[in-house]
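When the chains are written out, they are named A, B, C, D, E and F in that same order, and each has its own residue count from 1.
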């Protein structure tokens, strides 16, 4: 089917419509809100569920060199995309200060789990299969970008005196979402389909519905960012749309080269295109306080996330299906 | 009527991402204790923030320390230097307590 | 079946028993409690689910003049019932001050979503069908009563200098529950049964169970109100029971006149009979600070809500089935 | 099957693996966490679900002298096990002060609902049936131990001047989990299988999944206790493992004497072996402030709970199946 | 040792329904910033209240503003007039900070 | 310009398990009101604590009372005696308010 059909099919799922509802309600400043604890709980649920599912898939399909290759490529993407980001920001918004530039770069090397979840669901709806181990790639791609970003910053002569504190390394290596994704992945791997059976009714069937409410929440949060986005220079907004497309292209090509399935290629493209707003901001506030969170969180949450979820995902799938 | 003793109330309002770091410093500098409570929103030079579930690191917490004047002063200085390039608020004020020995 | 059988059938559902449990635990001052965030999350879930379901129904049944008529009648009920309320309070509790009288009136013109949900479930259990678009009527009836109440107050010479602030209009027009109900309704309308299929396992099957825990919470909250209800003059307590019955009669008759199904008639009666404790208190604190929340919230939460849920709903259904 | 097979079967369920994940993440000081409100909500859900299920079972099986006997024996165990505890602590850790000794004793007379839930699930997985009324025994065993502990303390000359406040009795008699378990039990008893049908999709199918996330949370909390457990004398740690085994033996024997099914015997053993960390700490802080919570909460949460969940439960089942 | 500067701590305890209104006023009157934290329960002439999930508007929040004496005073007056007929608490006290320019 | 009146700010930081007991005492001793907010974590002689969902009784809350000097002093004494063997913090400090009659 053509791109517009794909885009429309995506747009008209309850999930994306719920995201739009949240976005609209937030921009109109409705007092609609989802309690903080609930948003966090839904994130835990979604990450555990996707990790478990991936692990069970691996338990059945087994793994080989393809997993190893995907992990290596994922780590490389996470580490090197920030350098592309820096170059792009230099061009599109030269005025950006060193610290903020490095911080933004780190966010775009890292990934957004929700974007991945949404893409995975969209693939399922479109009947496109993908490798179960992609979940492990998600977990692995969260953090190398942080190292890269801090390295870029230090080279630029910025950083914090607290950055060498152990808390940073905990943030980087034992970040909650990484532990949860990998932990659930391993659990799924161990228990396999039989063990999964016990908890499937909770982690499988309601998944799409939870994702729907979670995207409603994401819409509300993105909107509150957008309302405060006045300060963002247009050049960076452009960056927030160009960068994911470029990254998706690179990630997709590498995915093809290591022989991933079409679904796997799309997911690697989506991961490359997505930007973090959980793990990386925490690390940046700690290690790069001079960088402006109003810029990097707003860019990934209010510009790149909506772009990927609404246009990016169907676009990457359409391109992949057209070319492969 | 029990006697009251003058102490200092030190309040440090800092981002969630930095709380552990500050607590470590307070322990090292010899605070007898502290109490943490979390703020829900705020505004400053860097604009508005709001505690949310997506980027907890940007939420802020208040660390309260009651201590002898000199200790409180020393703790404040240490935290101030530690957070020189972070957006933290450090407030000192007077307070009276019954248990002199505790602080 | 006779009224008592209907009442008993209602009383012996897990939902109503859970409400009773919460009421009892609260009155005995047990430390049982449901975290605030969870209560709010359950409300969001229930409103989204009921909105979605209604929208899907409309997507299938289509709509015509009947929807329009129901919306108009709903809006008129919400706006004019407060005037009946004021008259009734004048009779039953003359001592009530102007501000509080106007505030109470506004609450009774508006509606309680949970009462509606409970009624809808009771109708399903009783095998009585109703129009899917009633959800839209719920959303529409939330706010006209606020305008009426404030108008009554202003005529009585009370109000707040902050009431002309934009936040009031946001409260009135973009109130969270209105946005959520209508938003989910529209989403359901758009995606229809197919799209609903994706999320049915989350929004449909567990619905009754969530409602059960939510009513447990409502029972606890109503009880804590009852414990503080000492201050309420008996005349107003009587009002809290007479008013819903009168309103139900009026709403029901109008429902018949515009040709609603028996189920639709009962729901319109229930909406007329129910009193708000979410949107309206917020607006009243803002625009009518002189009114005593200890009176209006207690009346709608601790008197009228339990009455409707335990006795009112089966009563209205029984009357409707006997007369229609 | 042999004990190790049983232990392994238990260990490899998603629930226990999730507990291990939480334990590991917590000990490595990952920032993974489950919001407080969610943990509490899951507890409410689990207790309501198990209570309901038990009540429905009783509604079908009916009850007789066996229920009465089980309740009596449960109450006696809860009241007298603390005396065994005191004796054991005197031997294993003589230095422990009177107040802390009495408080710890109270915790081990009382029970842990989560341990019970985990055991019940393990029995289901192992195809071992048990009496539905055991839920009522759980509720009844929560509190007698508190009276015993306070009596021991007062005999030792410690206590608080606020302890005679009404809040203590509320804590003891109307404790939230007691009310919830009994309330749901009664509701289940009343509505029976038919009424349960309405809410089964919410309270039955997702149960194991919720328990999995809850055990993840328990693992995180146990870990944070373990990290602070430096102060606990080794003698008490030994106590934390010896006491449950002794209690299980006593509880199991009594279970056999009153003619419980194998499953019922195991559950009574598990209840005897488990230690409280909700109701009892609250009562102890109120009535026995001199006792050190760092000791009693850590012992029951960080030593005895993990022991029971990982080793104890399969051990007790294995013994029961071997001997009966 | 860095120098400490005397400022005023202004605390406004107000119902959730009014927070946005107060913040708007603070912005207009030139507060350099504020920090909000939420209260969980309380009692006053109008009886007890408790933050709950059903009527959030009745919950209360504390708005903290640290400012120069004159500014704090002006803000307090403005809020006092704004909330004349609302049940709000306005508290002023002394506090010391390191960063003179920030407040 | 409205006049400001000197009052005392009494803060009691106490375990969740004791809040109701303290409030009862405050009511009896004639406090005109109080505002409660919950703390999230802390450290003291008895080690660290953290509010969690498993043992709520160990969480701590701050009870704020604004009152006339003598009343505040009396309340503080009463609470101090009540909580003699509990780990509670009692803080007294100066504060100014507009509404003299309210406190």
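Criterion: contacts are C-beta pairs under 8 Å (C-beta built on N, C-alpha and C of every residue); 3 or more make two chains touch, one makes a residue touch a chain.
Just so we're clear, the structure is a prediction, and the values are computed from it rather than from any experiment.
Ranking every chain by how far its Cα centroid lies from the centroid of subunit D, the top place goes to E. Of all the chains, the one whose CA centre sits at the greatest distance from that of subunit C is B. Taking each chain's centre as the mean of its C-alpha atoms, subunit C lies 40 Å from subunit D.
A separation of 45 Å divides the Cα centre of subunit B from that of subunit C.
Separating the CA-averaged centres of subunit C and subunit E is a span of 34 Å. The residues of subunit D that reach two or more other chains are 34-38, 40, 171, 206, 282, listed in rising order. Listed for subunit F are residues 37-38, 93-94, each touching two or more other chains. In this structure, the chains touch in the following pairs: A-B, A-C, A-D, B-E, B-F, C-D, C-E, D-F, E-F.
Within the complex, the subunit E residues that touch subunit C are 15-18, 20-21, 24, 46-48, 50-58, 82-87.
Touching subunit B in their complex are the following residues of subunit E: 1-2, 4, 9, 23, 27, 32-38, 61, 66, 93-98, 102.
By the touch criterion given at the top, residues 35-38, 40-41, 44-45, 48, 52, 170-171, 174-177, 179-180, 183-184, 187, 190-191, 195-196, 198-203, 206, 282 of subunit C touch subunit A in their complex. Those residues of subunit A that touch subunit C in the shared complex are 12-15, 17-18, 21, 24-25, 28-38, 125, 205-210, 212-213, 216. Only residues 34, 36-40, 43, 160-162, 165, 167, 171, 217-218, 221, 224, 228, 231, 277-278, 281-282, 285-286, 289-290, 292-294, 297, 301 of subunit A touch subunit B when the two sit together in their complex.
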